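Pasting the structures here.
What follows is chain A paired twice: with chain B in the first complex and chain C in the second.
== the complex of A and B ==
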């Protein structure tokens, strides 16, 4: 390509296409980058739009370095550093938008289109769901279409400077749909290669997007603290937390308590985890399979940026890179930054800690002083009814006390509510005797406090409860809205026992899910049918995760083994696969270079050529040096019908006008005319 | 064509020339194209087919000042450009302009002149000016030379060198008239009488604007591609001493544009190029063996080159 053409100016149509595509390409940035960066980028693109529309002068050269400095300063100020994949991607976006400002010639346009495709690729570092795939493909199609528009402008190879303006006039109509089809076709051609490379290209054990980031994303999800309202907020969030495929039996919903952080510390309002609670469980306390009730299942966890792996009680078999804490919570070595799948066996009937050591017992009874006097009195009264028994393994009265507290929740006017009144200093007092309306965290918290007041070791466990079972995909979908909190009490000899006070107030929460408890929608766009639709559409995501996201180095080696290539090294496999691909590309390139003149890229030339070909088939003889008028002359000599003769001459005139005159004829009109005339001539010829 | 009356007069002018030179419409059109393209015309043919009459008719019809120079072997350059003669009254040399100081020169039988004399005219053709006694004098504008030439094998001629032949934009040959036309010619009025009755149809300003129109003719990329392909083909053609020079390429482009103007178009077509290609190549393409350069061969050569080049290449839009 010669230099003159690279620097040829662009038609406004090409600029519009390109800017539109870039705008669409930059939009997913809202989900990834801070708004300051997005605003800057969009402003740059918008400036180029306006520049085109009002025909402004290009920015002065001294301003451009200034803009770069502003962009870099924005980047540094928003992230506080200049390192990391998110920052690099943001820089790419900024630089692309800055390049858009100085979009002047064809070279700029091509650079921008490439940058756009690259930007679309970087989004997959952050968002790897099927929606992003579709959107990314859309971006690529649009950018290809922009390149199409750019390419189809009739810009001569031999034009000299003074001829350029007049030659640029011939911007043909870009047929929207057929242009789009050609863009899609390009992608389709690349697809087999992409699939082959996806399967066989040597993989890193950790994908690129698995690299942990310096800063956490502030993803919503369970945290290691609980205060009134924290789980209630999660209830508004429909995004999936994880999916479960049961390999043995599927327990009923009422047994699906997915254990998350275990909370010991209470400061009167907030529950938080205990540092010691994260210690690894001693080997003698490790659960073992004791009954045939054990459950095998596979969990597909969405990225949470946390190290918790959700599981049912009690984990017998666990992933290699995880451990069990003293609270029997499954804890990964690395934060979960990309979707990960792990297999677990759980044994529900296991008795965890028959004997509680002094230190832990003390922590499980600890309450801040000076809170909730009324509740304290109330529990004392209750304790008088069921006094503490000796020896300690005699727990009948404790159980009776627990039951009467639960009964109290059940009998009195307690409500399960999304909008509970705010609680003051003595939160348990107010809740127990006054407001009596709350979400699961209120009940779990209150119950645990009451237990501690009664001298029974207790703690709060957060996690998820239940889930939506997708019949078609045969998996359980657990959303953030399924977040739940419950209580655990420790009884001598029986270990930690799960007690869910919420079930006393709203049993349907446990049986069928939180959604069914409330008849009123959570917000204006909350409809039952929409929830159903979402639940069913989740199947796509499930398959995507199964077949694409989970395709790891391990699965790759499995496939290669099945293909009989297992023994070859990765390099050899890469070579075996890539060599034919490169050879094919090289051969195609050579072929195209040699025979590129066979098929014209100019649709008008193609149309005229096929016209000549059809006529030759009908018995006319032409030589390559026949110009349009000679052709018409030769044709009309053999025709009788005046109309068809006129048609032949009309083609000649149109060809001459289309290719050689200044008059702009749309390619569509030209094609229609040539085709119409051809059929007239052929009809006459018989 | 912006000026319809001008185009009408152009057609009238052609018609008037065709009245005298019967049955040679194409040759006449080529002659006009040559003039519109601002080049000099070489009429090459055996004696007696109407070369001089054509030149004569053209000169009158165009309404320019004109002068005929009959080349002979004893002619000197001064006979063409003029001479400075001592004037006793003013005690100085006074320049007496020669016949070249006219808008249209009819150089009859140019190859009968000696090379020295020929070059005096050819220099004027190239530079549009003459230098006499160290003083450069501009020639009147427009400046055309219509030269006639006998075939080279005729006795007593000095063949024009290649470089000087290149100064002529187009060459035409008239040839014998067709039987019908010849009968018309025999039955018609005497040409000398007819010549005397002729009047100018075009004016000098008309010519200037026609030449401007020729320069303004639109030449699309496809056309230039075709033209260039022809030039390339001539350069690679086996048996040729040399192909068409870039100057010949430009000449081809201008002549084709002139044909477009004559056809009433403001854009140039491949058929325009094909129309003048032979006239352009005739005196330019030279066989490498230099012996068989008869008219027939030159004609055949240019026809072969034309036939070998596709009018519409498959893909001109490679970038």
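== the complex of A and C ==
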């Protein structure tokens, strides 16, 4: 039997359905995989399309291993490694497209459909919005429909076709859209059980296996490095970074500095994090104070595949499985691979480290030698004006020096620009005296370098600034395009202080958001109304995250608790879980086997069935296989009145006419005839 | 020593006997009920289920809710499809097969009418060792599955047990019912390819042809007409006249032919039957009046389609 199925060739219609579904299944890859991999996969699928259309010969056998090698080489060259989630998903896509090339028989088709379903699931590792779910479901519907088409067609094997030419009389009747609708209906039948399983099936509180961090490759969002252009790239990205619901007060946008990676190391061009900066603040140094100024809020973080969590300065109550580093950055124990919600309290008035230890001070002043001589001279001149004071807590001159640097940015012709000229070796010199146009990272970087030259400990902080407040949903939406970089300086007794040089150049960036700085659109599809629309549509995503994405083992236990079942024993809990599942299965089965089969969509069938039912109620007995004439015969045996006997036979005749011959009777006429006859018969029966 | 095939057939027969005793008759006319319908996940279905379980465990591990939605939905589909597959066969009516008699060596065609009172029945396949035919039955529309069997010898060829099967809708499950009909197809003997000429007035074949070969002049001659049998052609006269000349015999005019078993100058029952079969066809082709004699049976003089069929059935069922 299996041999027969294996050798069954496919009709072109089945191949078209399957290839079409696979094509649609592979498209979301553009958002996830490099274009080289996508191009390879699409080429493979396209080849099979053309092969079908022009009836080409199948690929020679020697070429197939070569194609596999090319695919793996593409994978390795684009990613530089052969492990990781993204790479595994890309490999799945490549395998699927390679298999599509040798799609010959029913077995290949089934393997391909399974691969397609699996691929659709892996997309959810990277894209988790409602649109993607709808798209994923579409893929599944199409693949199921392809399986349906496979099932409905019958093509005899070549051997049997030679032997029995008459079998070819059957043109396989393959449904198009109507078949799709029936596939959709099957999904509808399954929906209740699917939802029940989603809600009650036990979730894992702790994962069976963790995600090795090497397998993650955060490609979007902030990184832990900053070089000219890195934040500028994020400015083009409109995808949400996180959403915030304020539980106490909402600070004005100009105070919303969402702290991300803190950068200490500068190599003349690139800023990077410091290994020691990751050290945890000892618990005794953590503040436990909250004042009236404290802000409590809940952050709903999109998966970033990074470990840092964003927060306002300064965190006083942190989420459970996180820690605070020396840079006062909030750090999760696990990389954020799923949408994650956490609650935080921040206290803006807190003073971060009033005393800076020698090692950290040294690192906050460190500059590579041989860079930026002009800027160095310029700072030295400035230092002469505001000399270092003693004792060290006397920081008036330092503050004056900082102010004059900021004033320099403000007074001179500095520009906030998306397309700043490239900078050479002495990047600070060139920026300060020559190009004078840049993005926030240029200003933050330059300012920090100048501070270090002046002997003031300083570091760069990256993160997000501001956000869009959605009035309807009462939450703040922070997009990747809100990414920002600013500087922090340390002053004796005052701790780390935030200084944002960008605000001197483009104050509107801080006051009203990144989008309002430039009057020109970022690209051809960048319109204000579209941005507005997207900001408002984000409300759906927000609710989605609240109700669907956040669902976890914790939510399940909350449901039980709310039902007053929180304290039941394990056996009862198991019963509570199993019961709805079994009930839904039973209900679905009953619906499909009883209700669905009884009710027909054809009104004539329904009319005739109710006719039979009424007669059975009146005492007639029929067997299920009785045809219309037999029914009429049985009925007329028990009747005396000639008219009612004629009526019974008239029904039989019209049933045969309606269902079995081509004589047209309108459904209306049929229905009235059946009803009229019924009343006559019943009257006669008494 | 029994072969694997024999063993399979024997155990199948025993199994079918068992289920028809325990679960009701399997002989058409038949309406399939739950006692006749079997269902099991196909190999593909089992593999797909494993894939779904892997997807679910992975989704649970990462608490990836979208992946979980998809895998739970597919699991639910996988479960409910079994109901649909069962419903596809339940209540289906199967009638006795209709078959036309064939000559041995040809294919016997069994047309098995299947009909549905309610709902469409998709992708119904009939299996006898392999998938023979497939159709989708619509309510109120007569449709029939076709099983073709190669015939080897005359007699009655029985259809034998067959399986009505469907993997609709997605191929996850195999749903099937065994049907054990007593339908047979009548198989006529294969007519011999070059039969001897028709025996005129009961004379033996060899004698009559010898006798007639000599005395062309005894009979009237006329020009050859299309349709004249070859053995009526007067070859010598034709050679002389340089055109084809046909003998006109009295027998032909009166059309008196007896196809007699005893006058056949060959041995062997099957060969005799085959020659008789060819003669019957020939006589009918020439629209003659003929009668037939077999040991123990005979057919009086007559002609026409019905006459021919009676004769062929006699030949098919001779000595059975």
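What we mean here is this: the second predicted complex is superposed on the first by the 375 of 686 C-alpha atoms of A that agree within 3 Å, B and C clash if a C-alpha of one lies under 4 Å from a C-alpha of the other, contacts with A are read in each partner's own complex, and residues count from 1 in each chain.
We adopt the following convention: contacts are C-beta pairs under 8 Å (C-beta built on N, C-alpha and C of every residue); 3 or more make two chains touch, one makes a residue touch a chain.
Just so it is clear, the model here is predicted, and its values are computed rather than measured.
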Chain B versus chain C, judged by how many residues of chain A each one touches: C
Which of chain B and chain C A:629 touches, first, second, both or neither: first
Partner chain in contact with A:236 - chain B first, chain C second, else both or neither: neither
Touching partner for A:605 - first (chain B), second (chain C), both, neither: both
Contacts of A:66 with chain B and chain C, given as first, second, both or neither: neither
First (chain B), second (chain C), both or neither touched by A:337: second
Contacts of A:120 with chain B and chain C, given as first, second, both or neither: second
Partner chain(s) touched by A:151 [first = chain B, second = chain C, both, neither]: both
Which superposed partner A:197 touches (first chain B, second chain C, both, neither): second
Common ground on chain A, meaning residues reached by chain C in one complex and by chain B in the other: 1, 151, 154, 166-167, 170, 596-597, 600, 602, 605, 624-625, 659-660
Of all residues in chain A, those that touch chain C in their complex: 1-2, 4, 110, 114, 117-118, 120-121, 124-125, 128, 132-133, 136-137, 140, 144, 147-148, 150-152, 154, 160, 164, 166-167, 170, 173, 182-183, 186-187, 189-195, 197-198, 201, 203-204, 207-209, 211, 337-338, 548-549, 551-553, 585, 588-589, 592-593, 596-597, 600, 602, 605, 624-625, 659-660
Footprint of chain A on chain C - complex, ascending: 29, 31, 43-44, 47-48, 51, 55, 57-77, 79-81, 83-84, 86-87, 90-91, 93, 107, 109, 117-119, 122-123, 125, 127, 130-136, 139-140, 142, 146, 148, 167-171
For the chain A and chain B complex, residues of the former touching the latter: 1, 5, 151, 154-159, 163, 166-167, 170, 596-602, 605, 608-609, 623-630, 656, 659-662
Residues of chain B touching chain A in the complex: 218-225, 228, 265-271, 274, 306-319
